[in-house]
């Protein structure tokens, strides 16, 4: 056991640099995750905020919650490949569908539901009393959304962003299965050649990436959560610590 | 279905037709993997929950530990285990069971805590011993909450089983992996869709079980003084 | 020969961990078999704590508690509790069991056989005056009053000699509460249990208690006596304040009309002279008079009806309020005050027994 861990440590020493090294692949990993997260945020959050503001769409949210749990992430990643290949066949400026495009599409698809759910729930959970008071003061729906609901919903939305970010970072390793070279590559290649050291080291890297993301976004989340909002209110709105299952 | 100029159909029903046997085999394997994981998970969670309920101070650490396990990406967790326990059923099960703990322990503890204190006081006052109180009063009343936890666990576990294809098991994940390897969409779709169907079926089954186990929650009418 | 008390508390103290002052401080109390003792007092007086120490839901810090001559700590707590009935305010019926199953709880714990349990359940459902059809309903389908009756039936199922009740009627509305109190008294007359009941409502204590234990904060026993005694002679200002300013009137509700002397009142015989009528009206200070022939009450007339030299032969108005010997002086006072008379007739069935005057009641108040 100790020997094995020693081997892992020395592996780390040997594999930092170069095109197949830790640094390069980490960068790929976070670039991919960031791109997917931002895309999904842009696509999911505005409609979610608007629907939540209107008080509609709760049925959709429930459906998304159930779908999100039942649909295997592995399946989505795998399915993304043939789809992006076909798209690449048709679209001229895409050279091929494998690699980045496939895993990117899959991650965006995976990130949409949790971002939508948390944003919607966050806005919805802003007490109707407050909205009513604001309306009485003469604010337009748009102003209410911007100045009242969004700020009050920030804690829940931030939780959603954190949870989604962690999930994306945790699922990105599966990109190795569709020819993307991020941190998952170590694990998948390691499996293929039965290199336990590489597998273990890869696992450490992936886990570290996920925990790091959780920590960073968690700190931001805590910063943005105003003191006046009690912990129980966040819990009451139904969003719990559902971090990545990948 | 033909998309954009290529000759490859997206979904081939004839493949499904000719592989029914293999599909059923994998469905069974999937069910077995899920079943064992939930079964073992329940036992361990019950023990942990029992500990947490008896000695309150252990609840924090227990939650922290199971949440920690839950936070590790599934691929990484299996990857940690492979060097130790190899590409075996045991590896798969250790991983799968670890993910069930957080939700199950929380469900059990929350369920039992949620029993109305007045009911507990009346039952103890009547003369229920600690053991009979748990078995005849607290557990039955906590069942709805616990069962909801089992439902969520079942659905997530079905999804996780597919990833175990990477370490040699997989159930329906086997089709996803193989289809990916040979660029065969039909297999991927079959694997994914059946996995979702299985999860939905399990969920539905558990809802029915829930209603059988808690018949009193249906009757809500109020009659006169 | 001395009969052992049913419940005996001696020097019982309870100090909760983290608290400096004891919730109950060296309380000593004896409760005789068959009596209903009510523990009453303000918040923090330890009445509920004391009750719960009897069946060991709370363990005393020091002191001795005996039930039926045996120290309660000599057997496992859950076995002790199966021999003591326990009723709480929120009832606490098991929601996943039917009414019948709830009532059968203790017999089942004791291992009675099915036929015996079934018979007993039927007996109890009838005892608490519920419809037999309620057996198979679930608690969620019952009203508050019904639930509490089931609670009482459940407590009595194994026929325990002692019944502990913690604010049992606090959660129902006043009308239902009065009903349940009355039924408890009927039940008690039938069963003769030893009942210890906790309440913060002094009126309930007076209604239900054979003896009342007035407790002060810290479990200090201020007075322990029959309601009539406490009302007539409160031991100290604290007890007085618990009784309330209208304690005199409260006392009246305990005294039956049969305990005081009746008078003939402003009543004359039929055919009497108008002069006689005016004379009795003067004597009793009323502006009306009654006409009665021995035990047959014919009715009453206003003074203004005396137009002849003789009392009118017909047209007597019937008395609307009829008091009976078993009614309390409080009831009589209500009648007298609300009808602006100064005397009210008392009957035994249809037999007119005499008039009860406001003066008689006032005199009783002063005693």
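Think of it as A, B and C in the order they're written, each chain with its own count starting at 1.
As a convention for this text, contacts are C-beta pairs under 8 Å (C-beta built on N, C-alpha and C of every residue); 3 or more make two chains touch, one makes a residue touch a chain.
Just so you know, these numbers come straight off a predicted model, no measurement behind them.
K.L.:
Which chain pair racks up the highest number of C-beta contacts?
P.N.:
Pair with the most C-beta pairs in contact: A-B.
K.L.:
Of all chains present, which has the mean Cα position farthest from that of subunit C?
P.N.:
A
K.L.:
So how far apart, in whole Å, are subunit B and subunit C when each is placed at the average of its C-alpha atoms?
P.N.:
Each chain reduced to its C-alpha mean, subunit B and subunit C end up 57 Å apart.
K.L.:
Which integer distance in Å separates the CA centroid of subunit A from that of subunit C?
P.N.:
Computed from C-alpha means, the inter-chain centre distance equals 68 Å.
K.L.:
Measuring centre to centre with CA averages, how many angstrom lie between subunit A and subunit B?
P.N.:
22
K.L.:
On subunit B, where are the residues touching two or more other chains?
P.N.:
none
K.L.:
Which subunit C residues touch at least two other chains?
P.N.:
If we look for residues of subunit C contacting two or more partner chains, we find none.
K.L.:
Residue numbers of subunit B touching subunit C in their complex, please.
P.N.:
So the residues of subunit B in touch with subunit C come to 116, 118-130, 132, 137, 140-141, 214, 216, 219-225.
K.L.:
Inside the complex, what are the residues of subunit A that reach subunit B?
P.N.:
Against subunit B, subunit A makes touches at 4, 66, 69-76, 78-79, 81-82, 85-87, 89-90, 166, 169-171, 173-174, 177-178, 184, 187-188, 190-191, 196-197, 199-200, 202-204, 206-207, 210-211, 214, 241, 243-246.
K.L.:
If we count contacts the way the header does, which residues on subunit B are in touch with subunit A in the complex?
P.N.:
Touching subunit A: residues 3-6, 10, 67, 70-77, 79-80, 82-83, 99, 152, 155-156, 158-160, 162-163, 165-167, 173, 176-177, 179-180, 183, 185, 188-189, 191-192, 195-196, 199-200, 203 of subunit B.
K.L.:
In the complex of these two chains, what residues of subunit C are touching subunit B?
P.N.:
55, 57, 76, 78-83, 86, 88, 90-97, 105-106, 109, 137-138, 140-146, 151, 154-155, 164, 176
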